[in-house]
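One chain, chain A, links the two complexes that follow: it is found with chain B in the first and with chain C in the second.
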Partner chain A sequence: MTDFVLEANNLSKWYGDVIGINSLNLKIPEGITGIVGPNGAGKSTIFKLATGMIKPNKGEIKVLGENPWLNDKIIGRIGFCPDYENLADYSTGSRFLHYIGSLHGLKKEELDESIARTSRLVGADDFLNRKIETYSKGMRQRLKLAATLLHDPDVLFLDEPLSGADPQARKDLIELIKNLHIERKHDVLVSSHVLSEIERMTNDIVLIHKGRVIASGDISEIRSLIDEHPHRIVIEGGKIDDLAKYLLDLKYVVSLSFEDNKRRLIVEVEKADNFFKDIPSLINRTGADIFEMYSKDDNLQAVFNYLVGGKR
Partner chain B sequence: MGIERIEYKTWKGKKTSFSKRFFVIGEKIFLNKINSKAIWILLVIGYILVHVFTIASAPFYPREELTKELILDGRGTLIGAPYLKGYFFYLFTIILVSVVCSDILSQDIKENSFVLYFSRPLRTVDYIAGKLTGSIMIMSLFCALPPILVGSSVIATQTGNNYMGSFGILGLTTIAGVLTSFIFLPYAVLLSSFTKRKAYSGIGTFMTFFVLDIISDIFTNFNTNWRLVSPVNLLHYSYDIIYGTELPAEINSTLYVIAVIMLTILPLFTLFIRIHLKGVKG
Partner chain C sequence: MTEDVKFGEKFFALFSMIKASTRRGIINKKFLMVIFVVIFISVIMGYAANQEPRGLDEGSDFLDFLVISFFLPLMTMIFGSSIISDEIEDKSITHVLISPLSRSKVYIAYFISLILISIIATLLIITSGFLAYFGIIGLNLDAFYIYLNMVSLVLIGSVVYSSLFILISLLIEKTLYFGLFYVFIWEGFVGSLPGKVKLVSVRHYIRSIGKELMDYGSITRYGEASSLLSSIQVLSILVMILLILGIFLFRRKEFP
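And now, the complex of A and B:
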């Protein structure tokens, strides 16, 4: 028995001239692990390699200690929820699940039981008899999750499971994914291009960019790494001139600039946490009328820019 | 939504491969195709032009026994025109195979739905076998079922006592029908794996068979073995072999075997390689 759910050693996969995965080294432990990367980073390629759908050009990949390529035993222990929208629209959810369950070799009685169980678990039982073409994005995600769980896999690979779901569905799905590990002991590898979503599921993350792992470990360590770099914070509203004068006196403010006829102030700060702690009192003192305030760097691309060389 | 945490119990069934899994794919294809209007229209027209008169007239035109001449050449039927060896039968067979297989793989490529299959314990062979099984089931509705009905109705009304001989011919007719259902499929399925557009795949399949017929006609003047290039001739020679007739003396039997392999085994092998090794799945 291996301690790792997934191991990749010097793994490379290319499609013609395009590199999907580039000499990737990775060890995913038991529990929930998030793979975070922008679109095109190689997340889906990792899942395809891990489910034995495609063969690596170089290196090796192991799932639960074995190579998944042509390995029915291992593939049968994986539940894969692909980032794939073309479900059988003309069919009902129930028929779709019957089809997927049959592909896993489940017999009718156990399949019926499994469909009832998993659809109830993911909250899909209410719309299972409707045609898939009438489903919202959130419903489709739930249906795909039910299909993933039908054969009770040991390990779950979830490729962008929250994509397109509405806020309530996202919240529910995040809770569900956490519970699949906490209560059902499934090991979960979940991908997203939204860091905050993954943060709500797990602290263990792997950041990939252009087919390579650029950071992995506890998310707080990665956050600290990011916080060492200056942040750009945008403040939009009226009467922000006075606020700018006060900000200039603060040690951690590196620069200030106005945009949009002085209705937008861009502040570059070294200690973002200190800034966010101080800003409410400054706003009160100056009477600034703030519509919106956000960090320009609190997005995944900025995180990657920091990590791959400090470029903005 | 309401997450139910209590009732979810893990399934403890068998998680390894299931040998008849290809049949699940075949059944789905059959059900999808049988619900297609285009397939139904084609089947109705084909039945009217090829089968209906022969099936309907058989009981009213009793014969001593079922013969291969009746099934192949329509000898002794009300119409008297060739049946299995009739050109309309061949024509509708290649039209149907073109339509049935037009989206058989092209749709999976277009929608990238290989992931639905290959992220599960399913081999490339299972996938191809499933696609072929579903297609054969549909093709059989036109290529195998009607000749069997004709044979059965002739036996039911035959005047002679040689039922063994008649049932023997009925068995061979079933084999011939299944062969007709299958023989053009490998090439059509292969062509469907080259494109995302089902129109390209369908028209490409039909035109290939059509052009091969023309090429065969042109070059047969120089060498009679060129007849083997024509799918219709190849099919008719295969009928002869099934019904126990030797190939015509001017046809080289080795070339016949090679032609059959080129039409069936080679496309299947190429298809397997494309899906398995060249990453159509990726």
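And now, the complex of A and C:
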């Protein structure tokens, strides 16, 4: 028995000249883990390797302690919700779920019960008898999730499950994914290129970029990695010109810029802690009328951008 | 969970997959072509039934030439070229690949589905041709035997051609072009050549079996026919080899 839902050791996968995954090392523990990276980072490749749809060129991948390639025993314990559309549009949601359930060997009574339970869980029970071609994107995502859950898998691989859903559907799906672990005890590996969405589901994240893991662990640990990088702090209010002059004299201030007709000041600093220690006295000294101050870098997107050295 | 239950579940899963795949093959735009062929063959054979000479021999020859030698491999090739590739294209193959069915079983399920689709399509064609011809010259017991024997050849041919074309669809991207070459040049031309050359065509062995089964038509005078036993042996071994090769390739195939 392994403690890890997924393990990758020196895992590489390339498609012709294009590298999908490059010497990737990864250990995904039980619980909910988010895989975050921009499009083309290699997220979907990890899922395809983990579901045995493709095999590695180098290294190894294990799901629940075993190699998933041609391993139908392990594949049967996985629920996979891909990032692409593969629903049978000509069918109704109910008929589609019956087909998917039957592929997992669920007999009629068990299948009916499972369809009722999972469709209720994902909020798809209202539209199951409609043809899939009439579904909105959010409905399709719910149906895909229901299909993923039908056979009560041990581990769920959800590739961009919120993609294309409207804001309300996204909110609902995020709550649902959290509950899948809390209430149903599924281990979940979920990917997204929208970092704030992952942050709302879990604190355990893996950041990947160009097929490599660039950071993994608790979000607060990852966030600490940015301390050595400049922060951007936004100060909004009146009479901030004088404050800007004082700030320019401080050694840890890298740059200053005004926005919104000098009502917003963006300060780039090397030592955020020092800045937040000094700023109250500076505000008092200059008489600036500050009504909001926040760090533009205090979100996952900034962490990600820092770590990959990309454009902020 | 006992192993027996697991076996039962997998059998049920396999059955579901075959049902879905066959249904998908039949409720498909490609199947419209079968309707056109049904109309075409009904017209041709209806016309032939009004011309001289006409009789049981001629009716048998028409069904032999049009259906067994031409439309059977053609239909199997057309449906075989897409049975897996269509599911790869619209990504619905993901559902079966992430089910607990092994790749070998998935391949066998596609193979059985193709046989069923091929049989349904060819039976529609042969039945319409049979009714159009013998409905005019007279339906009797002899005509019915011709029909039953032709149906037997359709069943045998569907199995052999299905094992071939499903394998070809894994090997070659443009299966349709290869299939057309195979049907027209290989089966049509090579299979008609005199001497031992025709031994490399499936058509030869199907006609050899037909010679033993049929009582009417030029097939009964097929001079260079192999024996019934050796024809069945050759076709059985061919199907086994093609299936083993297909399973081997399908197990190695990646679905990015």
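Details
The rule we apply is simple: the second predicted complex is superposed on the first by the 228 of 312 C-alpha atoms of A that agree within 3 Å, B and C clash if a C-alpha of one lies under 4 Å from a C-alpha of the other, contacts with A are read in each partner's own complex, and residues count from 1 in each chain.
The rule is simple: a contact is a pair of C-beta atoms (placed from the backbone, for glycine too) under 8 Å apart; a residue touches a chain by one contact, two chains touch by 3 or more.
The shown structure was predicted, so the numbers you read here are calculated from the model rather than taken from an experiment.
Aligning the two structures on chain A places chain B and chain C in a clash.
In the superposed model, A:123 makes contact with chain B only, not with chain C. Contact with chain B, but none with chain C, is seen for A:184 once the two complexes are overlaid on the shared chain. When the two structures are aligned on the shared chain, A:51 is found in touch with chain B and with chain C.
In the superposed model, A:15 lies in contact with both chain B and chain C. Shared-chain residue A:82: touches chain B and chain C both. When the shared chain is aligned, chain B comes close enough to touch A:175, but chain C does not.
Between chain B and chain C, more residues of chain A are touched by B. Touched by chain B in one complex and by chain C in the other are residues 15, 48, 51-55, 70, 72-73, 75-76, 78, 80, 82, 84, 86, 99-100, 102-107 of chain A. The touching residues of chain A, counted against chain C in their complex, run 15, 48, 51-55, 70, 72-73, 75-76, 78, 80, 82, 84-86, 88, 90, 99-100, 102-107, 147. Within the complex formed with chain B, the residues of chain A that make contact are 15, 48, 51-55, 70, 72-73, 75-78, 80, 82, 84, 86, 99-100, 102-107, 110, 113-114, 117-118, 120-123, 142, 150-153, 168-169, 172, 175-176, 179, 183-184. By the touch rule above, chain C contacts chain A in their complex via residues 6, 8-10, 12-13, 16-17, 20, 27, 90-92, 94-103, 251, 254-256. Against chain A, in their complex, chain B makes its touches with residues 1-5, 7-18, 21, 24-25, 28, 111-123, 277, 279, 281-282.
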